[in-house]
Each structure stands twice: as C-alpha cells, then as structure tokens.
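Two complexes follow with chain A in common, the first pairing it with chain B and the second with chain C.
Entry: the complex of A and B
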C-alpha cells in the first residue's frame, strides 16, 4: 500500500463524512467550541478582571446579569461569566482529549495483546475488562475521592481513562482475532517476526482507524464524568470547568435567581457532547459501508 | 441442568470478584494519606486518646490480621460505625435503600417501556416526520448533561411554577395530621414526580435509539419478508414478529448501561435531595465519613454484579437460540 492509496482512501472517507448532515453539524459545533477554547487564552489579556479564576470586577459586589462589560453577567464575587465559559471550553477539551487518548492507547494495546495471544491471557484480560466496564465511573471516582481527598485535574483524567478502556479493547480484540488468521500474519511469522513486532507493526495499522472512531465516543464520556464530579464539588478546585461553574451557582444559592449563570454552562456541556456524538456516528458510516444510505452505496 | 451449572459458575465468579474489590479497598485505605484514624478524629484529641482509639479499633495489629478482621466483619454484616451519624452503617443503608429502589426501578421500567414502544414506531415509519422528531428528541435527551437538566426541571416546575416540592420524599406536617394511606401515597408520588421525570427523559432517549436501530436491522430479515408474503397484517408483523425480537438487545443494554444509570441516579438524588444510596454516598464523601462511603460503594458494586448476571439469564430465557 502506497502513500497515495492512503490519501485516496482518506479523501473518499472525508467526502462521505462531509456530505453527511450529522458529520457536518458535528464539525461546525466542534469548530465553534475550538474557537471558544482558543479565545480563553486572549480574554484575560484584555484586562486582569477578565481572568476566569482570580479576576474580580472591583465595582461589583454580587452576581449581576448581562451588561456591556460582562456579556453573560458575573458570579457572586464579581468574576466574569463569559471568561469562565471560554475557560471551561478549554478545560473540557483538555479533559476529553487527554483522557480519550490514554484510554485508546490502553484499550488498543490490551485488545491487540488479548486477541493475538488468545488462551488464558485473553480470558483473564477480558474478564478484567468486563468488570471495569460495568462499574459506574462516577461512583468509583467518589470512593477514591473519599480516600485520597481532592484530586488534581490530571489524576481525574487518568482515572477516567482507566475506567474507560475496556469498551475499546473489546472491539480491537475482535479485530485482532480476525486479523490473526490472515495469510500476511502467517507469512511474517514464518519470516521470523517476533510477537511484539507482529502486534505493533502488522496488526496495529489495521486496527487504528477503528480505535480513532472509538476515541470520539470516549471524549464525550470523559467530559461528562469530569463535569459531574466537579458539579458535586470533588473536582480540581484550581480549574474553571463547566461543571465547576454549575457547582458554584448551586452552592452559592443563586440557582433560582441567576438563570444567566445556570443556563450557559449546561448548554455548552450538552452541545459539546452532542457534537462528538454526531462526529462518531458520521465516522461510523465512513468506516462501515453497511450503515450508509442505499443510494450512496451504489 | 446446564443452566444450573452456568448459574453456579457465574455465582462463584461474582463472589471472587467481590472479594477482590474488598481487598483492593482495604489496601487503598492503607495507602491513603494520613494515619488510619486521621479520618475520624479532630485535632483536639490528645495523643493518648488517639492511641487508645487505635488500640480499640485493632489498628495496632499487623496488617494481615487487620485484613482478616475486616473480612470477618464484612461477612458477619458489621460494616462499622458512621462517623457522622454515630450509628451502625447497616442501619443507615437499610433506611436509604427502599427510596433508591423505588425511584430507580420505576424510572427504569417506565423509560424502557416507553423507549421500546416509541423506538418501534420510529423504525416502522423510518424517515418520516414522526421518526425524525422522535430520533432528534431522543438524541437530545441522550446527550443532555444530567445535573443541569435536573436543575432546569427543578427551577421550572418546582420554583417558577411551584407545582412540585423542591426536594425530599414527603411533607412531614401532612404525615402528622392525616393517617389516610391514600393521601400519604399521593404525597410521595407528588415528591417523586420531578426526579422520576428527570431520570425518565434521560434514559428513554437511549432506549429509543437502541430499539430503533435494532428494529431496523430486524426488519431487513428474511422472515419479515415471509410474513409479508403470507399476507399478515402490518400490525401483527410489527408487534409480534419484529418488535419482540428487536427488543432483545434493549434488555442486554439495561445491564450494560446500569453504570450510566447509577451515575445519573446519584446525581438526580443529590439535586432533588432524595434520601437514597447515591445521595448518601456523596454526603459521606463530602463529610469524610469513610465507613459509610465504603458501604454505599460496596452495595452499588454488588448490585451491578448481580444485575448483570440476572440480565444474562433473562436474555437466555427470552432468546431460545442462546443456551449456556
């Protein structure tokens, strides 16, 4: 397979993807959120009072509604909600992508080993995956928080990733199982390739597209779990995430008085989740021709 | 006979897994920062008091012996004392459990039932206006951020309109003055309505989507064409031939999505101050009440393991093609 072949395949996939209304909506939403995340780097430079964590408007003593200086209003100590919302987009991307990436790496590696090795290794690894898969991640994070106290954001990311690899490894495993018996694997075995080389050199390139498809779904669940944890008050207190904003509006008792504070973070979490979900569905169709509509298949 | 063997094997497996979880928790507790009693004493305790406490709790014994005591206590139903309530943990758990079961089962059953029926209709009228509306709203329900949705419902129905109470399970003053069971029941239902609706909408979306896609793939099967060729009425094909088979994956998904439902249930309980296990766990974690948190966690883990076994068996019972 030459480079050109991959390029052609990618272009064809992209065409299907972009023609798909789901994919298009997903991409547009995602771009909006990326712009929001990018803007979070510039807003605090305008004026220190727009810093999402420490910036306090000296003129404001309590939560106020939208105004010229504060487009979405301020929270109860005079911090700008718009700046917090943008910062939240950045945190959501960091949490979602980092944790999805770690769980994909873990899931792909374990799935390939399990499928390729077979036998007792396979059984133990997959039973282990099953158990982790059925455990509610928020509840596990809560019990860990009760043991170890407040977590830093990277530890939360890592724990979510550990809770989330099994679904990936199940899929990758079944792919590896079917690849294992293909002639080209036999050939490289005969040629004397080591197991590790076969796994990473010959099986991995074939399962990677699938792994990336699963990454989009992992991103969503990671963002949701982090948001829920922060909402309950066990998030990283030094990060302004959307869940944290909801925790503040709830804790400070402004929930019923300040809809301008309550509504935006929730809409953002839901829409970002939706965009990754749509993206995943559209990619599903690119990779699995059976899901495409009848006329496109001809 | 084979089935009985299968159940027995599975049961042994679950026991072993549960045992492993217990062991992991024990060692995590020892790994956690601070001395073992730092989670239960305040700084005003003198050193002698602390030493006395360590001795009383058997924390001066070697680790392995402590582990054995821990296991023995667990299997004799002694889960320790809650620091906050000063009561045995098992009392608190048994007081909270019925509320969680009530909310959880009613919302799951309702959501699964409505989701299956609507998913069936959506798939049957594929790509019509009704399908588009149903699928889109299911998608929205599926991706909503649960606590936020719950807060919005609480804000609108509880605060703005004031039709429903803001939390709790009953109005105490009503329970003192009346003794008619009907009014008491209605009072509980009145309090339960908002959390029930929250959980219903969130879960209904995923059941609908799942049923729709499962039904679509069943409708492509040969036996549906046969049924059509035989001249059976549309209604019979839809309800008897297609929907029954299509709802099988939905049953498995109840088991697989249990983790998701428990997360959602805990958040909903927390927002509507519903005194269930999930809220108790969150409360215990924020008050550093480790014995209580541990008991809630073990209960949830146990329920998840057993529920998955039940779903497995139910699936085999409903789909005769599967034998163990």
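Entry: the complex of A and C
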C-alpha cells in the first residue's frame, strides 16, 4: 500500500521483463536510441557547425563521405549527418510516443465506455470510429498539408493520433464486451461498485496489456507515417527528422551517390520500430499474470 | 422480525415472441437470521428471483407487478444510486460461477478491500486490511495467501474468497445462487458447513438457490419448491421433505437418488416444461401430473393451508386424493 509496495511490484515486473529475450533485445535497442536522442542535446554545444539544422561546416561545399570531423559525412550544404541522425532519433521518440499515447488514451477510454455501456452510446461511438477508420491517414494528412501549408511537428503528432485511435477502440471494445459479461464484473456490481469504478478498476487492468501492445504498434505506425510524410515533402521543414533526411537525399539527387546519407536513417527507422514491437510483446507478459510461466509466492 | 417480504412479484423477459413470464405472482417472507431455500429444475425462475432482489436484472426484463419490502423500504422504488449503496451492504450475493467471480488480474486481498472501500471510503486502508484479514480467518484461508492472484487458488479457496467478499460489508441477507455446484462433494460439504457457521455467528439471513435437494435440505430451515415460475409448495424443511403434498414436489423428491431408495427410483418423466410465453389458465403442472382432471386445465389452483407453516398451490381434492394413495 505504501511506496515500497509499488517499488517491489515494479522490481518484480522488471525481473520478468528482463528475463524475456524479446524484452531484452527490445530494451537494448531502445537504450541505444535513447542515448542517441539524448546526445542530440549535447552535440550542437560542441561547435555551432554541428547544429543539425543551421550548422554548416565552412570548409565543405558539397556532400562528403565519413571523415574524422563528420563521422557520417555531410549533406550537400555541409551540415553534419551524424548530428542530424541524433536529432532524428529525438524527433522520432517525440512523434511516436506522443501520438501513440494520445491515440491509446482516446482509443482505450472510448472502447471501454462503448463496450461497457452498449446500446445507443455504443452505436454512436462506433459509427464515429468507423468513419475515421476508413480514412487513409497518410492521404488525409497529405491533403490537409497541401491545403493549409506545411504543419508544425506537434500538429502532425496530433493528427496522427486522431487518425489512429479507432482501431484501438474497436479491439478494446470487443474485450470490454466479453469482460462485462464475466462473473467478476457482476460480483463487483453486487458489492456496490459504480459503473465508472467497474470500467476503470476492473475492465481497465484487463485490457491494459492489449492497450500497451497496441501502443507499441501505434508508436511504430506514427513514426512511419511521419517519415513518409516528411519524405514526400510535407513534413515540418524547420525540423530535422529521419524522413526529412531521406527527403533531402532524394531532392538533392544524392540517392545513388551518397549511401552514407541514405542508409543510416532508413536503418534507424526500421530498428526503432522493431524495438518498440519487441517491447510490447515482453510487456504483455509482465502485465498479464496468466502469461507467466511460473511465479513464486511471497 | 421480518427482514424481507416479497408480495405478488412477477418478472418477465421481453422476447421476440412476446413476454416470457419467468416469475409469476410469487410471495414469501424471510425472518432475520433464518434461511430459505429455493429448489426446482432449471428454468423455473430461481435465479431470476435472486437477480430481482439484487436489482441486477438484464435490460430486457420487466417487473410487471409486486413489491419487495426489505427492512422497511420497497426495493422496487430504488434509484441507481440507492441500489449501489444497497448492494453489498443490505443484500449480497454468492455466485454460481465462483471460479470466474474474481478478477484474474487483481490480487485477492485488493478485491476484497474494494468491496469495503466502495461503501466506506473514509476508513483508513490499514483498518480495512485488518477487516480483510478477519474475513479470511472467518472463511479459513491462511493469511499468507492474501496477496495471491485468483489463479493461484484452488476451486474451494476461490469459493471461500467469494464468500469473504460477500460478507465484507456485513450484509443482512446473503443470496447464494448454486454456490457449490462446481465443487466436489467434500469441498461442497466444507463450504456448506462454513455458510451455516457464519450464518449462526453473524445472524445473517440466507436465501439458498439450488437444484440440489440434498444441499438445500442441509442448509435451509424453510423451503420453497418452484415449478414454471411459480412457487408450488412452501413450508418448513421437515414438512416439505418428509411429507410433501404437491404432486410436483413428490415427483421431484422421488427422482432424487439415495442409497436406501435405489430400488424404486422414479425419475421424473421428461415432459416439455410449460410454455411461459403463451400462458393458458389452469395449473402449469397439469400436463405432467398424474392426478390431472378437467378442473386442472381450466382453473388456476389456489393456496391450500396444510398447517400454519405449510402450504401447497393445488386443488384441495387433489391434495387429499393424492395423500390417500
């Protein structure tokens, strides 16, 4: 009941998590990317020329390969690619986590309410979800971007979140539907629990593993959508991201001339999405005690 | 002191073919500290009565008439908020499917604490935890199993935990809906003794719903026999089981297997249960009754007093005729 109790609980969960090979791989990959994102705060402090957006090496006028001063080389105007890659990691985290979080909170809440309440509430919410679900998010984003000009990164995050909650809420709703007819829900009704309490105390812990699993998928899809949008030239032009780096390679005609520029962002996008996926699988086991192989009693 | 008085209660379910009269014109009373058993075959309306008393009928159910007086208030006039405060405190319930009546991802102690918490949020947690420990002692689960998850419990332990949860707020009445059906006979007996002991210690009333005559006979002081949504015979345990008068009660008891009656077991002939949607006048048991007469098909039977505490829902001449053969 105290802080200690939650600490002990966390430690126990952590042990299960880290013993899982998927979880271990995922967390190692994730730590690497977190270090990358963290380093993006310090690199520009070394020398203004390492600023990913505005720093230009005065000695370089064209794209060059890896060298001692520029570990990954430079782009066509002499900006450091390594600094851009680190900055891209930070942006990928922000975009992925923020939009996944928003869409999971929205999707889980709406799904649980819809499934538990049923009837007219359910019908209205789910038709609304259907309408959003059938819209292809990338196309909608492209149309919006071409209508309103280029978006700020936060608006992109928000739109991705808004476009992506319906699939989550559908899955959570179906879980809530089967959960609400389970005897333990009836038992807590008998004990006098209110609807809100049943939704957040009894249904939520049961759908949480699934919500987290979906959160990892949302993270990956948000990163991918942002990368695609940027690559197509509709990203936030004032913000370096991996997609933006790819767009710059393509636009400056270096697709086949500068592999040191093209390949790292591509690999980073794949590995980061992979690490979130692995994380989700391992998390599943921690959150759902039934999936554990064995557990010693305290 | 009368704790619960149900008067002329009728409950129906809306179906595509019309209203299904699951419970029809039922009246009974229950005194504080006594136990009442409902027996009857499946589909006779036993569980519907329990759910009506808890205010947990499904959405398509309608209460067409009647009143339920519990401790001075009519439950049928309750609003949602009142029901929430009432459940667990006034009446609580032990379920049929005890195996699944615990949330699989929440530890058992937390679930029992919750039952106390919703009614008295002001009590400090340490105090609540003490109460939970007492409850566990009462139902005889050792304290080191408090922090387990439900899947680490055996079936009997789960059932005990459910009983502890039902007792959490000191309810005046516990409805036990087939609480031992899924358990083997040894555990079943332990649980039944537990229920009897608790009932005695806390002076709680118990309504016991079961199709198992042996179980009901063990726990209950008063018995109601149900058929087709109606009570057909009610009385003290000894009266109903030792000298049954209604033809249905007789067939029901005759079909019960026991060691010393294995020579002449009369299993109830399988008859179509009465159609509860299109009700005709007359006795619902008429089609399966061996004493059927014209009267039975056209006239609704009435209550016949056999003793001050023993009544049967039949015609007097049939009861007398039946008694003589």
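In the analysis below, the second predicted complex is superposed on the first by the 231 of 298 C-alpha atoms of A that agree within 3 Å, B and C clash if a C-alpha of one lies under 4 Å from a C-alpha of the other, contacts with A are read in each partner's own complex, and residues count from 1 in each chain.
Criterion: a residue touches a chain if its C-beta (ideal position, glycine included) is under 8 Å from a C-beta of that chain, and two chains touch if they have at least 3 such contacts.
Keep in mind that what you see is a predicted model, and the values were worked out from it rather than measured.
By the document's definition of touching, of the two partners only chain B reaches A:246; chain C does not.
Once the two complexes are laid over each other on the shared chain, residue contacts for A:137 go to chain B alone; chain C is not touched.
Using the contact criterion defined above for the overlaid structures, shared-chain residue A:82 touches neither chain B nor chain C, since it reaches no partner.
Once chain A of one complex is fitted onto chain A of the other, the partner contacts of A:256 are limited to chain B, with no touch recorded for chain C.
Between chain B and chain C, the partner in contact with more residues of chain A is B. After overlaying the two complexes on the shared chain, residue contacts for A:273 are found with chain B alone; chain C is out of touch. Of the two partner chains, chain C is the only one touched by A:183; chain B is not. Of the two partner chains, chain C is the only one that A:192 touches; chain B does not reach it.
Those residues of chain A that touch chain C in the shared complex are 1, 119, 182-184, 186-194, 197, 201-202, 205-206, 287-290, 295, 297-298. Within the complex formed with chain B, the chain A residues making contact are 127, 131, 133-140, 142-149, 220, 224-225, 227-228, 231-234, 243, 246, 250, 255-256, 259, 262-263, 265-266, 269-270, 273-274, 277. Every residue of chain C that touches chain A in the complex is listed here, in rising order: 54, 56, 59, 84-89, 92-93, 95-98, 100-106, 111, 114-115, 118-119, 125-126, 129, 144-145, 147-149, 151-152, 162, 165-166, 168-169. Partner chain A is touched in their complex by these residues of chain B: 13, 17, 25, 28-29, 31-33, 139-140, 142-149, 151-152, 154-155, 159, 255-256, 258-260, 262-263, 266-267, 270, 278, 281-282, 284-286, 288-290, 293-294, 297, 300-301, 304-305, 308.
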